[in-house]
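Each structure below appears as structure tokens.
First subunit A sits with subunit B, and in the next complex the same chain sits with subunit C.
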Partner chain A sequence: MATAVMTRLDPQSRAAARGWSDLSIRNLFILPTIAFLIVFNIFPLIYSLGYSFTDYRASTNAPANFIGLANYRDLLNDDFIWNNFIVTAKYVLVSVSGQVIVGFGIALLLNRAIPFKGLITTLLLLPMMMSMAVVGLFWKLLYDPSWGIINYVFRLGDFAWLSNRDAALYAVAITDIWMWSPFVMLLSLAGLSAVPKHLYEAAAIDRAGTWYTFTRITLPLVAPILLIAIIFRTMEAFKTFDLAYIMSSQDTTELISIKLYKMAFQEWQTGKSSALAYIVLIMVLAITNIYVKYLNRVKER
Partner chain B sequence: MAAVKSSGALVGNRLAITAILVITIVFLAPIYWIASTAFKPRALATTVPPTVFFQPEITPFIKLFVKRVQLTKPVDPAVYEAAPWWEKRIFDNGERVLRTGPNVQLSAYPSRFMNSLIIAITSTVLAVGMGTFTAYGFSRFKIKGEQDLLFFILSTRMLPPVVVAIPMFLMYRAVGMTDTHIGLIVLYTAFNLSFSVWLMKGFMDEIPKEYEEAALVDGYTRMQAFFKIVLPEAATGIAATAVFCFITAWNEYAFALIMTNRRAQTAPPFIPSQLGSGVIDWTVIAAGTFLFLLPVAIFTFALRGHLLRGVTFGAIRK
Partner chain C sequence: MAHVKLSRITKTFGAHTALRDLDLEIRDGEFFVLLGPTGAGKTTTLRLIAGLDKPTSGRVEIGGVDVGEWGAAERDVALVLQQYSLYPRYTVRQNLEFPLKSNVRRLPQSEINDRVARAAKTLRIEHLLDRKVDRLSGGEMQRVSIGRAIVRSPRIFLMDEPLSNLDAKLREALRSELKDLQMKLGATFLFVTHDQIEAMSMGDQVGVLNGGKLVQVGTPYEIYHHPRDIFVAGFVGSPAMNLVDAEIDDRRIRIPSARLDLPLDARGDGRLGHVRGPVTLGMRAEDIHVDPSGPIEARIYGVENHGVEKIVTLKTGELIFKATTSAATPTEIDAPLRLAWDQGRMHAFDRATGTSVSERAARLPELA
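Then we have the complex of A and B:
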């Protein structure tokens, strides 16, 4: 009997005959969660899939008319929506590459004996734990053209970061980089500390240069975990709503989530916004899928 | 082995330490700025050049909690003398406190802060409670299609909030659940549940199965073994997971913006909405922000050993 419980329990086994059977305990523990997620995540999505084929507007009492794929066709032919996707792509690119450069850079600097290393690391991680909405709000104060501290420190005069059509997206991205570089730093540090020291010692004996050591030893070994950081941040940046919505109301910063929000809750185009939500959803699930694959691969090592 | 460091490496190390110090200061500057603005006299909040050194005062926090209006005529000296110390500060700012009868009218901030607390704590308890059981199930029992189920659970977390909010808003409106605490609690529980399952599974996997097996051999039922052996062992993991879930719910903005507007509104949509109303008093906004960020800052230090795990959904430990 004891040997039967040694391995992972088969719920059908009678190993634990006393009290509840393992099968019923398993179901009791797992099914409520699955049911909860189905009711509050999957069911709503099915509900909105239905609406995406209609011209329903939640602001009126008019019944929803079935209009087939018209919403999807309109959206995919709409230049403005494409523009939202382009803005989003630009934002993702600027903000994620900024985070990788800054975050990985800090990790390289931190990857040595430094006094108060733990304290410094924790302090650097503070920004990413904060509310994006509130961070966006106080960065507005920092960016203020007349008395903001950023323009004062960098001698930028009255440069209006957030009301400048071209600069606004970068201003939001800079805030995002400030917030999330520490995330990349945290993962990179984990990757760097896992590089076996003897590889560096061997390289030193061979009189390998710093650059050679970096590109041939450090980078390849840290790459998998860095990739996880990149995919995760890409997914999050793609979904960004709070930060850009609070900081700027320019059309040059109208990310796809903001467009979706406006379409659904300001223009009340419920049917059409449900269709757009589905387009966004499919893109997010695709990135999630890639993310989980890599996560599992790294976990196995 | 003691490596003999060349003088070049030593100089490099010094440079790196200096760079780290500079970077840390740059990263903390925005946080320092918001914290210091919360203690500034109003006149010093938006000066050119910016004011770095000043005599801190707590007037912004007093203003944050009470309803005020501009004084139209100077205060009667007798009234001023009779007022409590904190009300004098308001008078000194050229404003007076609104009252209904003898009672001070509170601003919306305390009620929004309370809403945030109620909603974040309740949804955390639910998500971590359910997540702990589920994680144990996934960790210990054979489950058909386990990987697919886990992916399904994770994918619910990745959904963009606005995508979920559209149908949820319609459903809530149909049953009268918009602007209710329970409405946000349900959404945040669903949102945090998947995170809690993934993180707790990592912690459960680390508890040796032999502990329960020994208990089962000693005559415990599996339920008893779970409650008396596994749960105490998982306490640290449960605490860390709870703090992460709390912070996520505490910080959440999009659902709160869409689903609430007054009664159940939380702090994140409320604090920025103050910008729209009349003359902006940044010291009061900074005070509200400071109080709102304080718990998160404290928790970040409490969590420091678990941050890596938390942000990778338990996949990467130290």
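Then we have the complex of A and C:
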């Protein structure tokens, strides 16, 4: 196709005068990106798949021995790894559902004619634009038991959020909710404003109450876009590393990505950690797939 | 079923006045059509009655009760819109059940099933009941939307250009179906349209709205044959009434643009004998006919063949006008044709105010 277009290049056109067709210019722009992706993403991905079947340690000069599926077998039989997964699942559940409730709630409040709506929306979006590490450090200060503002405002005395084994994970999740609810809000707002006004009028004429209208009209129409927000947030939450790593070092906040980091760069078990990375990848893909299947069903309905 | 009365309604949107001092009365069981061009205030009137908007001033009464403070739900009206407003992702049945299932008026399931079945039968959509509304054609969607109105048996049916999005054939079919339905239910209908054919064919009463004012209310016959002003005369009827500048004096009628100057005959005298001075003269195309001894000598400018008859555009002097001829009349473009017109069916309008001077006050329908 590309050559066909080039051979038919109009001799009067600027492309001909230049000696370059538009298509070749397009390719010229795309190629560096593709090369970059192959060198820094695709190649390591495949290379690490090879490592995951070996006992390779990047810290020693010893050659990598092929050990088959031993890494995978060890990992899946390791109770500590399973505990990391449970912690991660808890974290994903709490933070994503929190974001949906808060984000969608704010979107509902904003979806009407109010003064300074644009300004309010922009201000609410700010947390999302900050760096994870900065947010983590900020909230560490906010949670501080002796002079943090949170304990001061809620009169919690010297409750140590981040060093409390039970509370730490929730403290991190709350930070994540604060940071990413605006994202859910933004998508929900787009979905809500796309619901035609005449449907609400028809419902009002049909004597539908507020709740009835919300569950029968608003929710079904916003569901697909809300689900997209949930997919994105689930994937991100599953991979969370920086926020939890910066804020707390409890074993109850050791998410799977933190475990992975420790295994790879503190214990230097390169082969085994590659295998763990692949297990995580497969899990994320599986979860996303379930969501996408469900999303397609919701859209078809 | 109910009587609707609007008194001295004014509605403004910012600086724009949509309705000015509107008085309107719709009798119980009447098919009332509100006719007017885009932006005349038809939809605004309907939304005020539905309770979706509140008038800036004036009184809305339904069944003799002032409903000014009532919301849309309490007024017990049904609304059918041009864009159908079906609830997406639900089946036809779920759409029809929707108004019956809200907690304001929870009905027992057997009653709901019964009503849905009856409505579906009336509108002949029984075979569609379990289909998703997204998979319906325009005509089917509009039927469902009407069905959703009738399951409730509301006091008034409000319809906002419900047929405008349909193709010509379907529009024609649904027009007579709607009229039948209204007679069968004996319900009060307020039907808003910009299509004068819909107004003429369906309405018991037609109200012509222009620029936020109700210009004339009457039966389709009255609106067509006795237009109260030049707007109604020009808006109602297809082809539109021929309107020309003329002068009437001394029992003679002069049309400068057609270089015509002839005496009023006995019928013309009966109609316009009392008029003097410059007027805008109105003649319907069907009142001008081919007559070898007629006073007008014109050339054929264009022909629209409508099967039963032809609508011929003619030119004489600088005047271009339309006449209806039988389908058998030969109509070559540019061929000369002699015509006459029925002077007893002329209309004349005051050039400054546009009000009819040919209609005697006694023959005009009273404004509600």
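Just so we're on the same page, the second predicted complex is superposed on the first by the 252 of 301 C-alpha atoms of A that agree within 3 Å, B and C clash if a C-alpha of one lies under 4 Å from a C-alpha of the other, contacts with A are read in each partner's own complex, and residues count from 1 in each chain.
Rule of thumb we're sticking to: contacts are C-beta pairs under 8 Å (C-beta built on N, C-alpha and C of every residue); 3 or more make two chains touch, one makes a residue touch a chain.
Bear in mind the structure is a predicted one, so any value in this text is a computation, not a measurement.
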Which superposed partner A:F66 touches (first subunit B, second subunit C, both, neither): neither
Partner chain(s) touched by A:W82 [first = subunit B, second = subunit C, both, neither]: neither
Partner chain(s) touched by A:I30 [first = subunit B, second = subunit C, both, neither]: first
Touching partner for A:Y212 - first (subunit B), second (subunit C), both, neither: second
First (subunit B), second (subunit C), both or neither touched by A:P220: second
Subunit B versus subunit C, judged by how many residues of subunit A each one touches: B
Partner chain(s) touched by A:A202 [first = subunit B, second = subunit C, both, neither]: second
Shared contact residues on subunit A - subunit B and subunit C: 201
Subunit A to subunit B touching residues, read off their complex: 2, 5-6, 8-11, 15-16, 18-20, 22, 25-26, 28-30, 32-34, 36-37, 40-42, 44-45, 47-48, 51, 58, 106, 109-110, 112, 114-115, 118, 120-134, 136-142, 144, 146-147, 149, 152, 178, 182-183, 186-187, 190, 201, 225, 228, 232, 235, 239, 241-242, 246, 257, 260-261, 264-265, 270, 273-274, 277, 280-281, 284-285, 287-289, 292, 295-296, 298-299
Touching residues (chain side subunit A, partner subunit C) in the complex: 196, 198-199, 201-209, 212, 216-217, 220-221, 301
Interfacial residue positions of subunit C with respect to subunit A in the complex: 50, 52, 71-73, 77-79, 81, 83, 85, 87-89, 98-99, 101-105, 132, 148, 152
Complex contacts: residues of subunit B adjacent to subunit A: 3, 13, 16-17, 19-20, 23-24, 27-31, 33-34, 37, 46-50, 130-131, 133-134, 136-138, 140-143, 147, 149, 151-156, 158-171, 173, 186-187, 189-190, 193-194, 197, 209, 213, 216-217, 219, 221-224, 226, 247, 250-254, 258, 267-269, 271-272, 275, 282, 285-286, 289, 292-293, 296-297, 299-301, 304, 307-308, 311-313, 315-316, 318
